[in-house]
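Same chain, two partners: subunit A is paired with subunit B first, then with subunit C.
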Partner chain A sequence: MHKSTEPVLSGVVGFFDDADSLIDATVKVRDSSFKYFDCFTPFAVHGLEAAQGLKRSKVPYVTGFCAFSGTGLAFWLQYYACKTSWPHIVGGKPFNSLPAFVPIMFEGSILLGGIATFFAMIYFNRLPNLTKRAFDPAITNNRFAILIENPITNKYVDEHDEDEVRANAFSSEAAESFLKTVGAKEVRKVYEEGWF
Partner chain B sequence: MAHAHAAVHRIENPGSLKSTGTLTSVFGAFIVIGLIAFFATYSGDQQRAWTCLLRSHFFFMGISVGALFFVAMSWITTSMWTATIRRVAESFTAYLPIAIVSTVLVFLGAHSLYSWTNPSLVHGDPIIEGKSGYLNLTFFYIRAGVGLLGWLFFAKKLVGASLSSDQGGDFKKVYGMSRKVGIGFIAFFAISFSAMAFDQLMSLDPHFFSTMFGVYCFAGAYQAFFSMLAIVVIILRRTGYLKGIVNENHVHDIGKWMFAFTIFWAYTGFSQYMLIWYANLPEETGYFMLRFNHGWENISIALFIGRFFLPFFLLLPRGNKRCEELVFLVAIWCLFMHGFDLNWIIQPEFYPDGPRVGLPEVGVWLGFLGAFGLVVTRFLKKNNVVSIKDPMLPDAVNYHHI
Partner chain C sequence: MAITHNTATDIEVLEKPVDEVLVTGGRTYAEVNEDVSRPLEAFPTAKWWICFCFAITAFGMGATLLLKTFAVGIGVWGLNQPMGWGTDITTFVFWVGIGHAGTLISAILFLFRQKWRTGINRSAEAMTIFAVMTAGMVVLTHTGRAWLAAFWLFPYPNQRQLWVNFRSPLEWDVFAVSTYFTISTIFWYMGLVPDIASVRDRAKNKLRKIALTILSLGWRGSNKNWVHYEQAYLIFAGLSTPLVLSVHSVVSYDFAVSQIPGWHTTIFPPYFVAGAIFSGFAMVVTLLVIMRETFNLKHYITMDHLEKMNKIIMATGMIVGYAYACEFFIAWYSGSPFEQFTFINRAFGPYWWAYWIMVSCNVLIPQLFWIRKFRRSVPVMFVLSLYVNIGMWFERYVIIVTSLHRDFLPSSWGMYQPSWVDWGLFVGFTGFFFTFFLLFVRFLPAIAMGEVKSVMDKPNQGGAHA
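Right after this comes the complex of A and B.
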């Protein structure tokens, strides 16, 4: 943590009035040398994730893996209970009756897949987030914003990698003028106070 | 990805199909093949000719009425993405008049197909005697007639309104009317399609009954409809008609529907099977005993793997549903499996000693395909291939999946 009395600059934010100009600007920021940036919109904007250059979420793979594990586990549970541990004749059916197991196997897939999706979503979204606050209430109302982050304050930047930090040396003036050239209506600095 | 945000603001009207000469002659040839196959089979083995006819009749009737269901659904749910492909679905409903003709043909074969039409078999059989209030030829004709004429009426209303908007009709009125008519159609469809499935397929074994049967047939037919839609839309896109209107997002959505109804088909099929397996009632298990013996057991396993497992895993990854070529191939496979499924429903009742697959089955189906293709190309030649005045069209063209 930075313990100076000077507030630490965590980034520069540029505001836009509509989704189309935000997407156009986001493409330019993505293709620029600013590596750490994020977009804030009051609603889901179609095509924004492509403009940001975001990769596909890994959540579906977790869901798929856990759902198929659930199928297998539910089969094993019933096979163990009905055939190995406590074999009973029910309705004249064989101990290992696949048709009777299928609904539970289906439910097992849904249960494990659903729970795994929830926790994977929490994990990949870097939640719970107890420190970051909204830097401007307008981004939940009517304005669109791009935040170019100062790599120093981004906890996902490896601080031990000196080369990485030097290569991304942050200049708030450069970021401000760049945001203006891509069409931001208002540009201002964001400090750790009020944001972290 | 870099072009993902490039929005299209002006949509060129692709117009209607231009040269259809080759298509018309190919489909015409198919009809001739179908007629030859039917009459050649009929002269040797009447029953086999009628089973081939029944299967192909139900195959294409299900697809065209499934298309009407899709059109009604897209009005009711105000879905935006369907604006680009709704007209193609509407073109399938042009087959409904031919479905009436093929139903009359099934009536002609009723005595060969349905054992409950034979009074000497009904008499003394308490189960069939008990059902005779429902399973008699007069009521059978009435149900089929009411169902088909009703579908034709709803198709005229829904498709006619959509077509009138191309000529400059007020879209607000079209929308309000289609919504109301669509809701009416869904209610009518639920009852009439179940009745069709019960009458024409389930009553092949008059002892058997299953309340899931109508839903099972609907699930299969609706999946087959989406497969047919995918094929026609992709062909129209490749030939340039829907270029710039349908993109990989729409192919993705059709793929999702195919995937969803692959699962729904397996769900209804399994629910029907599991309850009968559990309850173990003789008049119900007979249906599955026929299909689990004498070579039919392999067909049953192949049906489950081919109609559920393969499309399920092929359509599961996101990238596959966005790949036009793969969706096209899976759609052809699903249509094949729909015919396979109908064969599995119909043939064991007549040939419990094993499946019959040969030139009659393929030939008669080709004949029906020819008729279907002819009316669909004729519809798309007369009308625009896209509902160009639909106010949701620009949004539908530009939409993205998150």
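Right after this comes the complex of A and C.
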């Protein structure tokens, strides 16, 4: 959509060489007037989520709910097959042989809980990500970055609401100089670009 | 080793900071990517091709013998009355057991904050998945008509409302093994996503880049993503920990819930789990010793890693040895003549040789690891890990064959002799496993780069740019 016209400014990125300077800079960006930003790292940096002011992930709630659903579903499946659908005496045991159902109830909980965890992670992370290209190959290698995002192109604000657009006007110069003051080794603009 | 000889290293050990060095050779982050990705980007070496040709030939031979089995029936195996199970279930339990080390390393060691796991977890998890696949193949084959197995393994809704028997441990096993395979695979893939992104960002070929972009789900290393990712990873570790303990417990129920003397014992679940970890770690050592040599990964899979695994092999080997002794004691203490007969027959009956191979390989030989020099010697640990693999295969052979060949009535007694098809299939399944493992080390990053970087001690960054 944007290929035909001039590139759309997605944000300004500042690079850092190690995790500690990234965390220090992140705290400063968080406390600045730039509301929309994200950090990019080659591995999970501990303490960065607090520096960035991110909330705790909600993945565990999904896991918990689905794991208990798995327990119930596995019980229901066995109860239905053994008691409702075709009651059948096996080894002189009652139709509802609860103790014998426990192993499959356990496996059902883990199976559903695990699958749900993965898909919850995918959902919360908006993966698979097709629209936002990685802006530098060094991010998955050895460099750390802060991306101050343009609220309008990243759709954090409603582009039809003129007041909001005006309030969130993005100045790449201001972002660039700010990133330099917090210690970025290299600063550059990032344009919106998809993967394919 | 003489004490005086050791002084220099002892001082080094004393002076070493509490945090151990997990990646040696002063590697930088960029060098981690370089070292791990190199085997994936070059044409495979001659060594790899030789191994691969062996593996795929064995697999092809196994596939041919599977065709024979399917065409003629499982009568081509050495099974008879009363020997309903033979090398088929032996090999199944063997591979499922091997599959336990990967999840143990990735999940349990993660929860215990054992940072050294990062160098070995990826390849151990891959080993788990391929081992469980192999086990699945074996057990599907043993049903005789594997193409119909969906009907009698899974609760498949059908017109006649015939359900599987949920009160049978064999059915629990279907759920346990398939859940284990599913969860291990998802866990492994999730761990791979950031690393595939690393390889993607190095890719020069356009098609390769597209394929890796899709596989990496477009991962960009955003910290908003890392937060959910790390949380999910922790949960997976938490879910996998009881799972890994449950799977081999359930496999042991296949025996323990029956009423066959020698099988019907409550010690089986912990005994099987310890045996699984034991054999799994032995297979990890076998594979990693080869991998670190051929792919030059000695900075990541260090001697300290190998030594720790050898300690685990020794510890679990002694648990297994204790279980062997305990079984004998309980057989005597139970006062049951059937139990007593079975165990005396196990050690001194017609299959005495299998029993003593098992004891030598699993209990006696690993005692060499008390000596530090042996724990840190690559040739010693390689040979020893092969002994453990052999011993653990024989453990299952002993359990199955000695308990079945003496039925309750002497008129029903029999003997078991595996046929050449049995042995051929064993080699074939081993080839199946190694084919997948070799493809894995060729196409996917065998070291968890992202995780290794997170435990490196503030590496010297070298040149700031990649």
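Following the convention adopted for this analysis, the second predicted complex is superposed on the first by the 178 of 196 C-alpha atoms of A that agree within 3 Å, B and C clash if a C-alpha of one lies under 4 Å from a C-alpha of the other, contacts with A are read in each partner's own complex, and residues count from 1 in each chain.
By our rule, contacts are C-beta pairs under 8 Å (C-beta built on N, C-alpha and C of every residue); 3 or more make two chains touch, one makes a residue touch a chain.
Remember, predicted model here, so these are calculated numbers, not experimental data.
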| item | value |
| --- | --- |
| Partner chain in contact with A:Pro60 - subunit B first, subunit C second, else both or neither | both |
| Touched partner set for A:Val13, first subunit B, second subunit C, both or neither | neither |
| Partner chain(s) touched by A:Gly91 [first = subunit B, second = subunit C, both, neither] | both |
| Contacts of A:Ala100 with subunit B and subunit C, given as first, second, both or neither | both |
| Which superposed partner A:Leu77 touches (first subunit B, second subunit C, both, neither) | second |
| Partner chain(s) touched by A:Asp24 [first = subunit B, second = subunit C, both, neither] | first |
| Residue contacts with subunit A in the superposition, subunit B compared against subunit C | C |
| Partner chain in contact with A:Gly47 - subunit B first, subunit C second, else both or neither | first |
| First (subunit B), second (subunit C), both or neither touched by A:Ile110 | second |
| Overlap of the subunit B and subunit C footprints on subunit A, listed as residue numbers | 20, 44, 46, 49, 56, 60, 91, 100, 103 |
| Residue numbers on subunit C that touch subunit A, as the complex places them | 28-30, 33, 155, 161-167, 169, 171-172, 175-176, 179, 182-183, 186-187, 190, 194, 197-198, 200-202, 210, 213-214, 217-232, 235-236, 239-240, 242-243, 246, 250, 253, 449-451, 453-454, 458, 461, 464-466 |
| Subunit B-facing residues of subunit A, complex | 20, 23-24, 27, 44, 46-47, 49-51, 53, 56, 60, 64, 91-92, 99-100, 102-103 |
| Residues of subunit A touching subunit C in the complex | 15, 17-18, 20, 38-46, 48-49, 52, 54, 56-57, 59-60, 63, 67, 77-78, 81-82, 85-86, 90-91, 93, 97, 100-101, 103-104, 106-108, 110-111, 113-115, 117-118, 120-122, 124-125, 127-130, 132, 134-135, 137-143, 185, 195-196 |
| Of subunit B, residues touching subunit A in the complex | 1-2, 4-5, 7, 270, 273-274, 277-278, 280, 316, 318, 399-400, 402 |
